[in-house]
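Written below as structure tokens is the structure these notes are about.
Chain naming follows the written order as A, B, C, D and E, and within any one chain the residues start at number 1.
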Amino acid sequence: MRFGFNFWLGATLTALVIFAGILAPWIAPFDPVFNADLMNSELPPDATFWFGTDAQGRDVLTRTLYGAQISLTVGIVSQLINSLIGVTLGMTGGYWGGWWDDLVSGLTNVMLAIPSLIFALAVLAVLGPGLPSLLIALGLTNWSWTCRVARSSTLSLKSQGYVQAAKILGYGDMRIMFTQILPNMMGPILVMATLGMGSAVLSEAALSFIGLGIQPPSPSWGSMLTDARQLIQLAPWIAVFPGLAIFLTVLGFNLLGDGLRDSLDPHMRTRKP
Amino acid sequence: SGEHYGGTLIFTAPYGSNFATLDEQASPNTQEELIAQAIHRALYSWDSTQNKPVLELAASEDVSSDGNVHTYHLRKNAIFHNGKPLTADDIVYSYKRIANPKNAFPGASYIAVIQGANEYIAGKSPDISGLKKIDENTLEITYTGPIDPGFSLMQNTTAIYPSNVKDESSFATHPVGLGPFVFKAHVPGSQVVVEKFDKYYKEGKPYLDHINIVLMAEDATRDVAFRNKEIDVSILGPTHYEIYQKDPALKDHLLEVAEVYTRGIGLNPALKPFQDKRVRQAINYAINTPLIVQRLIKNKAYPATGWLPLSSPAFDKNKAPYAFDPAKAKALLTEAGYPDGFEFEVTASPNESWGVPIVEAILPMLKKVGITVKPKPVESTVLGDQVTTNNFQSFLWSIPSGPDPLSAMRCFYSKTPQSACNFTSYASSEFDKLFEAAEQERDPSKQSDLLREANNLVQDDAPYWFFNYNKAVMAYQPWVHGLVPDANELAIQPYDQIWIDEIAPASRK
Amino acid sequence: MTQPLLDIRNLHLGLRLGRDLHPLLNDISFQIMPGEAYGLVGESGSGKSITSLAVMGLLRKPLSVSGGEIIFKDRNLLTLPKREMRRLRGKNVAMIFQEPMTALNPLSTVGRQIAEMFILHQGKNWREARRLAVDSLARVRVPNPERRVNDYPHQMSGGLRQRVMIAIALACDPDLLIADEPTTALDVTVQAEVLKLIKDLCAERQTAVLFISHDLGVIAAVCQRVGVMYAGCLVEENSTDRLFSDPQHPYTRGLLGALPRLGGRLENGRQRLVDIDSIITDRSILTKTRCIAPRIKEGSTP
Amino acid sequence: MTAPILRVEDLHVRFSMSGGSLFGSSRHMLHAVNGVTFSLAKGECLSIVGESGCGKTTTALTILGLQQPTEGTISYRGQPFTGPNAPTRMQRAKAVQMVFQDPYASLNPRQTVRKSLSAPLRLHGITAASEIEARIEVMLKNVGLTPEQANRYPHEFSGGQRQRIGIARALILEPEIVVLDEPVSALDLSIRAQIINLLLDLKEQLSLSYLMISHDLSVVEHMSDRVLVMYFGEVVESGGWQQIFQTPAHPYTRRLIAAIPNVDDRISTPPNPKSRDLIVLKNAEFGTDTRVTPDVFRPPSQSKLIEIAEQHWVRISSV
Amino acid sequence: MFIFTIRRVLQTIPTVIVAALIIFVIFSVVPGTFATSLLADGKRAADPQLIARLNEELGLNKPLVERFATYITNLAHFNLGTSFRTRQPVINLITDRIWASFILASAAMMFALIVALPLGFIAALRPGSIVDTATMIGAVSGLSVPEFWLGLVLMYIFALQLNWLPSFGYGDGSFQNLILPAITLGVAPMALLARTTRAGVLDVLHSDFIRTAHAKGMSDVKVMRWHVARNALVLIITTVGLQFGSLVGQAVIIEKLFAWPGIGSLLVDSVAIRDIPVVQGTILVIVLWFLAINTAVDLIYAAIDPRIKQG
């Protein structure tokens, strides 16, 4: 498989963010929560505080780095949940067909029809704000796309010779799904997941806007950005850096997904002689 | 003094993106009061110059010697927008409607000051015994005690409606009142337009032809719209307060008032450390309150010295607030047996001046004396729910503490149920004695002295971390005149006194 | 001898990747006379389709012609301006593709897709064009042409669809018809009908045919002359009869031997099929030395 | 010839197709296979020919257990292969295997050849690494591949090699019957011969029975012992390969054979003068006009098979 | 076609019922009740008596199953219930605002289509070119900016700095007021649509019948007009439908930011005060809107693609 420029750009951005998140405790100059000194609030970027400080007097650079942890957790875990639900339902529905498939398709349609932001809002209202609830809310709301993709992939893979062969060789349904179908549809699922990660990061920001985001004082880009919107004139740096971080991360995930899709798509593959 | 007639005022409603109903009697929220203030009038009203309730719909009143019975001589020139003149029947009708158990209106608790109202509210009596029509223009009301009924009956939720409207549900869409402006249009989710009422009972008023009350919940949007001169007034949040103060074009047109809200963290004695007064005091000592007010709230608040706010008649100007003294806090904690501190949860809403951001700011301060704070963010709705059901370790809230100091202090009276504003389940026999004395005292200044003493007692006992009293700030366009600093709620302005001058842009004319 | 209708001279074609050129066709030359059916056979990937696409001027991006001439009626198609080439396409040179399922637009009626030809090349309006489309369908022996013009491709069977393709190709009476594996996707019985149709129609108006297939039987049924391609080279060319009865190039011989022949099985016991690999023991030799070995041309003996 | 090991009796397969009515409740029955009966002997190659959609694959799938028959029975060595006592997939796997048409789609692109071959062995209880190794090695040799190639992925092989892997996978469990669905039609001409030779060799070597599906009659003639001609779900003619190819009786069979373009038509001396020596039945007796497409949504008209020579059956109209 | 339409419409009914069930269950277990939200605003004592009375009056003290039964019975009579807060029929509250939502969503979709289709086409015609890369990076960027920031920035630029457009609100429903919120809302679907268009057009361009069209001697423009556009449309239209269908639900934040009186802000406000009938009604209307759009898309689909009707 050959990857294009977009893929590598996306992979680099994503890797950067992942490293920032993992290394935050070592590379961040301050503590993200307790190093708050109101005497230092809203300082513009300088030698000590490279990205300036926020309204609480906390270092924006530190919080942006730590924010990567939360945002990545949100992106990755919620997509894991999504993919798990979507793949399980989609694959079994597509494979077994019948009433189960009808049920899965129906449920998928319902989930598509209920606006996801509102569904997430409701789930959060039930569970109360906080990271675990957020992960569940975002994880429960966006699986319908994955499910559709998984289902149609399964339908087309099901008729492939090797799946038939597996049946004839005596493989059970579960074994066929896990060893024959799942590995072969990971491509599109992965693409969906990477694209979904970007939108999960954004959804977190949107939910912060409504006041249901991450539990403070843990830094998340979404809540940093939301809190900073009042300060856009007074202290623009508080918004700029987490905003940039979100932008680059979502861009990274999207380019990664696009790149993956392009290299999986036979049309886009340049044939080598 | 140069008042101009005519023009349109574009006022903003900042408390949501919706007017839930135009039936003011059915609404407990400030948002709808913004309309009620234009359309409706209640028996009393708040006089912000005298800082007390005054008669509005009655020309005069006679009070019985025991102070329980008031006889009102109603205004003869007051006419409803539908042409009906005001009579005693309208008041009886309105109060019965508010208290009607079928309706379950929030204003019922204000009507409860009238004798027999509780029986009526409970559905045990077909009438409110304390309400007696003498003649068309005279009404006698018997109250449950020698209280000042003005504090209750000036509320917008006790607005007087005409008794001749057949379809009561129409009040929700086509309100009819006695106010200076007539309801004209409601674009749900967008705005309410009212128009000058020619037969308003106050001579020569109102000045304006129209008021558009536009919904605008988002601060940032309001800021842009205000600078863009699309709206005439804007309620400011802390950051915009600071920005506007620095902006030479805007800084001269800011209206500030100390509002009667006290903010702070209520400590639940159910949590063991909070049973010790020294721990509660330690918390007050450990937090640098003025710094938070200055840096985080941008001085859009006054550091609290106790429960009663600045504009309260019983406010003690000489009382010093808790000093910022971490060493003392540490010592007190050690004394109380918590040398290594302890951990507690603060239930708080997302509000920027009395919500989670404040908890984030005190978090490192309390950490320094060894106390670990964990914010527990909840929605505003849920906050109210959890506080009134005593379901918290501590909570950060903004609680009305005026204008009537007596009812404000009632919140610490041990007989006040927890759910009814004694949120920290405060019980002190010393306090109870002072409060009961104040309740009996008919001389306002002596009553104030007693209440002041009670307030200082509460401050010393520290059932709360006393944070601040709100400073409400309103920015207005230079062409707007007649705004008043109302300590109850700055956003509620006497529309009938407002006028705009000739420098107003064409769109306002 | 008359002028050849199509004269391909030393055609070189390659895959341009960046600056490199990977050759795919090496020095291909052959002629087709008016009214003649010329067959191209060869294994998959030997370059049959790209040769035909080069004639049509339909090569896409990474593929490009790197040398040679394609002379059609005295004009070099490779240097013809785009617009001229477009006018030629469809009108003078028409093509039938392999997959009748996908070569028709699923969202247009077949009538419309035939009618487009008359609009493009004869300036007819839609109504006339549609009437002519009915005639075209009748000509390729589609039953009920009036009704069938309004059908969508998915409503037709494979054989009918291929007839529609032929109708499109022959709509403007081209001088040269290129048929790239026109029957691979069809059943034998349907294939036989389609082949006969192409043969008859071309005989009727002296259309020259370039017929591509890797089924030697099909070539035998249609063509007068055959070229055998191997790895981008034309390795042998001869009249059909001569080629089949007396193949010269080892690859051709292999091809013929590898084919099970109907009626070729002995009453009891069968003979093993020839394994081409056993003849061409080292395939790479053929590839490396490909067109260098003297091509076996008509009339010449090795 | 020995006793049949597989017997298919009066097999019917119908698919219900939902129609276009309001609630989709009106259902047509698509008659894909109609009363097919045949048996397969040990070491025999039986071919089913017929045009696309006539029910060849469906018949094969029923034998493989991937499709439930609507009516009829299949038995393997006297044991029922259908109905309530049908064997499980695991049990069936050791009896029947299949080689697929498309060598590209029939191998899991994410499994190495070794994995493709060892997984079924493990599944069937052969866990000793040495034995697995040994069997894979033997099998790869059998199909003409080297053991070193086992660690490669399918995309590293050519079409012909893939088909060899497909054959190896089908044979690794040592089944008695192998179903070949168009085993060479997707292959290049030059490779076709190798695979045909390989299949015939393996058949001899391992005494396999083949059930081959094809519409390439020359391949069928080359490989089969007996031939079954199907036409819209029914067997219209069956017999030994000579009978079908040299003396075809049913007009459809004749048309089929006549339609094959043949290189030899070009060559002046036909190698076998006996071919095309058709016996003549009167057309009317067949009842079916094979130029008119029958309606697959209707049960077929009344007809029966008659034996016109030893083991040579032809369907004629019974009305 | 008629039968197809009816069948397609009937198929949405189970979806609506299940959606109604999910919505009902979720919002029945949400903590906080309308009564406390109304009475516990801190201004005065939350009178437990009053709360109890209110709950009784609103039927909130009945068991869940009974409430659901009433809810469904009402729904079957096309009755969405009565708002706790305004005591008006929910349907009235929604109809008051649905128009604003509708024009906002339509304008946003218009904007998205007008920008995305040409961009997607151009990008597909020159894959790998600078235009292509720029379009795609631009599209992805559009997907990576939080909506409220985009709105704020647009507001600062076009309302405050340039003074071209009003910054907020519905005004008298004029076009000027619509521009900024519509653009803000339209950016995400635009980005998605540009990508889908590119993929769709590429797909069509690679198909065999385009080669056939070229072999007919058709010019590129005619190929585009006669063959590519319509076929690509079939691929694009599903995305358009899904996007358009979900726009009303997605507008929540933009409505709040621009003080736009759509049903999104009604919904958020109602959730905040736990006015459950309004919440349920609004979500149900959003669901219906989504289903209606997508049913319409399916019908259009069937009209352009002759293969569908056979279904």
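For the reader, a short list of remarks on this structure follows.
FYI, a contact is a pair of C-beta atoms (placed from the backbone, for glycine too) under 8 Å apart; a residue touches a chain by one contact, two chains touch by 3 or more.
Please read these numbers as outputs of a predicted model, since none were measured by experiment.
Farthest chain from chain C, judged by C-alpha centroids: B. With centres computed as the average of Cα coordinates, no chain lies farther from chain D than B. Averaging C-alpha coordinates per chain places the centre of chain C 32 Å away from that of chain D.
Centre to centre, using the average C-alpha position, chain A and chain E are separated by 22 Å. Remark: chain A and chain D have CA centroids separated by 49 Å (rounded to whole angstrom). A separation of 53 Å divides the Cα centre of chain D from that of chain E.
Annotation for chain A: residues touching 2 or more other chains are 125, 128, 229, 232. Along chain B, residues 220, 379, 382 each make contact with two or more other chains. By the touch criterion stated above, chain E contacts chain A in their complex at residues 14-15, 18-19, 22-23, 26-27, 29-32, 127, 133, 136-137, 140-141, 143-149, 152, 156, 195, 202-203, 206, 242, 245-246, 248-250, 252-253, 256, 267-268, 271, 283, 286-287, 290-291. Considering their complex, residues 160-162, 164-172, 175, 179-180, 183-184 of chain A touch chain D.
Per the touch definition, chain A reaches chain E in the complex via residues 5-6, 106-107, 109-110, 112-119, 121-123, 125-126, 128, 198-199, 202, 205-206, 209-210, 222, 225-226, 229, 232, 239, 243, 246-251, 254-255, 258, 267-268. The touching residues of chain A, counted against chain B in their complex, run 33-39, 41-42, 55-57, 125, 128-130, 211-212, 215-217, 227, 229-234. For chain D in complex with chain C, the residues that touch the partner chain are 51-52, 188-194, 196-197, 200, 215-219, 221-223, 241-242, 245-246, 255-268, 270-272, 275-276.
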